[in-house]
Amino acid sequence: MKTRRSILQGAGIALAMFATLPRVLLAAVWPDKAFSSAAAGQAMIDLLGTDQTIPTDQIFLKVPEIAENGAVVPVTINASLENVESISIVVEKNPRPLAATFEMIPGTLPEISCRIKMGETSDVMAVVKTADGVYSTSKQVKVTIGGCGG
Amino acid sequence: MDQAHASESGMTTATVSPVSVTCVRFAVLAVLVMIISPGCSTAEDTSASDASRCTKDFAAELAAAEQLRVAAANAGAEWIATAGLLHSAKQDAEAGSMETACALLEQAVFEARSALAQARREADAWRNRVVR
Amino acid sequence: MASKIKVKTKLSGDLAEVKSLMLHPMETGSRKDPDTGKVIPAHHITQLNFTNNGNPVMVANFSTAISKDPYFGFKFRGAKEGDTLVVSWVDNLGNRDELETVLK
Amino acid sequence: MRRTSACLMISIVAALIGQAAALAGPEEDRLAFVAFFESRFPDIPLAEYGNGIYAIDSDAREQWIEIEEFPPYEFSIERGRTLWAQIFPSGKTYADCFAQRTGKIRAEYPRFDESRGEVVTLAMAINDCRAGNQQQLLPYDEGEIIDISAFLAFESRGEKLEIRVPDDQPGALAAYDSGKRFYYTKRGQLNFACSDCHVTSAGQYVRADRLSASLGHPTHFPVYRSKLGGMISLHQRFAGCVRDVRAKPFDLQSNEYRNLEYFLSYMSNGLAVNGPGARK
């Protein structure tokens, strides 16, 4: 009886694993801790294991000099580094500095664009993790208080 | 703002000789002073008098102020805060805070009178701004 | 109800360019309702997934710092005409949405 | 004494000259309006004015172009398209209510309706159509009516604005003149006229914002405002400006705003419809 049950259980677990396997692979874990960190350095440690990055000009970061509207700041990142594993956007002065992190899959180009919110003038850092290390480049974006339009 | 005013007087003066510029300006100024003065004098009166002035018959003064606001609204010239000032003045009076109630009422009256003066001034002044 | 995801794709050789836009409030959780003065709870997309013929091609993790009605664009290789691209998101309240499109 | 009367005479003459110019016809007004901006911004092609401040401010323009890569108003167009296609219980559709083909509607509104003696905006025409088909009227400041307007603007893209103030309709000219008067009248605690910002000071800064030119203002509405995260109508923008100068805003679709839209749209005659738009 006992044996039989454990076999059944085992089969059940295997079945469950089989059914959920693709999902598990797909649904990478949302990095809760890094996203809730209030300090840029700590967010990077939580996410990447280090807050030390290698400055490089091999990451092209396109952000406006003066944001038209802090609620919608277009960001484009394009890295010419090899074996990129992830690209992250860190806005130093945001209450939660880590804005987004994108996981690269072989075949995916290290080239992304999105729109972010910024609470105030701040450095925006593009952090690129490769098989060799963590690289970054940053630019300041000025956020102003609008007149009539903003 | 400065630019707007500059262009305004520029429009008027462009058609007359330099000597007459002064008198046109003087004429415009005189008219403006005449138009604005009722509003100004009210403001001066109230600031000169003591705070208890409006408590004599607050309800009547509130009604008069409301009438001024409606007149400004009918002229299409009401300012944004006037109605709110009157509302707060009424609430403060009901709560017995006559000092702030009076101050708010005076501010509302000043706004309504200024809006009416603005409307009278603009009855013709707008023409000088037309791009031509 | 019309879909709350829009996708535009462009195929050049085996390179697919993907642009996506979704309707989502992306509430930060620190904004107050101007009428009631109450804090509006955080409500934001946490993860945006793309698969091509079932294979993952991009996992995007969002914080509340992604703008309302989020836009996200990326590129991947190994695509061909007729491939099925699936975009799906899940938010912090457990809502999800999905859109399927065929590359051409 | 002599001097005073001379002053008076000059004042009167100046006033009369001013009066004559203020009473110039719509077409003279428009040509002068266009000429003003052409001389103020000699490097900006006329067709660019429909892009508002992005015709003037290059840094803002780049950000706008990125938004236009995939603008959030596309959802509104799509909803509008679905609404437009709906068939009323009468068997008719919105399209049956309009004399123009769908792709031309936006370019010919607002128009003066002689029998009613008032300016009819596109939003009003949409509601008139609903009334004619026993449908509930839509609220003007939200949702469906803006979506339908966005769809119609999109369908009319590239069509040149063709607003008419017919010579044989005195009411039309009166409505136009009333809109023109509104436009040039100072109002509010800040004592600004529309023209103070959007003619005299166009291109200048108001705090961190640069002021757009009025030429081309109506061509791109409704717009998705990033600040608000949603679509707004031209009248909502009017209300925003009136509030910004600290005057009490008028009701949406009020006579004041409809006449203003009539005047402002006439000023942009010949510019292409390019709505819906995306603005900060």
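Order as written gives the chain letters A, B, C and D; numbering starts at 1 within each chain.
What we mean here is this: a residue touches a chain if its C-beta (ideal position, glycine included) is under 8 Å from a C-beta of that chain, and two chains touch if they have at least 3 such contacts.
From a predicted model like this one, the values you see are computed outputs, not experimental measurements.
Visitor: For the interfaces A-C and A-D, which has the higher count of C-beta pairs in contact?
Guide: Result of the comparison of A-C and A-D: A-C.
Visitor: Counting only C-alpha atoms to place each centre, which chain is farthest from subunit C?
Guide: B
Visitor: So the centre of each chain is just the mean of its C-alpha atoms; given that, what is the distance between subunit A and subunit C in Å?
Guide: Each chain's C-alpha centroid was found; their separation is 14 Å.
Visitor: Taking the mean of the C-alpha atoms as each chain's centre, how many Å separate subunit A from subunit D?
Guide: Chain centroid spacing, subunit A to subunit D, equals 42 Å.
Visitor: For subunit B and subunit C, what's the span in angstrom between their mean Cα positions?
Guide: 53
Visitor: Return the distance between the CA-based centres of subunit A and subunit B, expressed in whole Å.
Guide: Computed value for the inter-centroid distance: 56 Å.
Visitor: For subunit B, which residues are shared contacts with two or more other chains?
Guide: none
Visitor: Going through subunit A residue by residue, note those that touch at least 2 other chains and give them in order.
Guide: In subunit A, residues 71-73, 113, 115 touch at least two other chains, as defined above.
Visitor: Which residues does subunit D have that touch at least 2 chains other than itself?
Guide: 69, 226, 229
Visitor: Can you name the residues of subunit B that touch subunit D in the complex?
Guide: Residues 1, 3-4, 7, 11-12, 15-16, 20, 23-24, 26-28, 73, 76-83, 111, 114, 118, 121-122, 124-132.
Visitor: Within the complex, which stretch of subunit D touches subunit C?
Guide: Spelled out, the residues of subunit D in touch with subunit C are 69-70, 72, 74-75, 78-79, 82, 226, 229.
Visitor: What residues on subunit D touch subunit A, complex-wise?
Guide: Those in contact with subunit A are residues 53, 59-60, 62-64, 66-67, 69, 197, 205-209, 211-212, 226-227, 229, 240-241, 244, 279-280.
Visitor: Touching subunit D in the complex: which residues of subunit C?
Guide: 2, 4, 6, 8, 19-21, 23, 25, 67-69, 71, 73
Visitor: Report the residues of subunit D in contact with subunit B in the complex, numbered from low to high.
Guide: Spelled out, the residues of subunit D in touch with subunit B are 3, 6-8, 10-11, 13-15, 17-19, 21-22, 24, 28-29, 32-33, 36, 180-182, 184-193, 195-196, 199-201, 204, 243, 246-250, 256.
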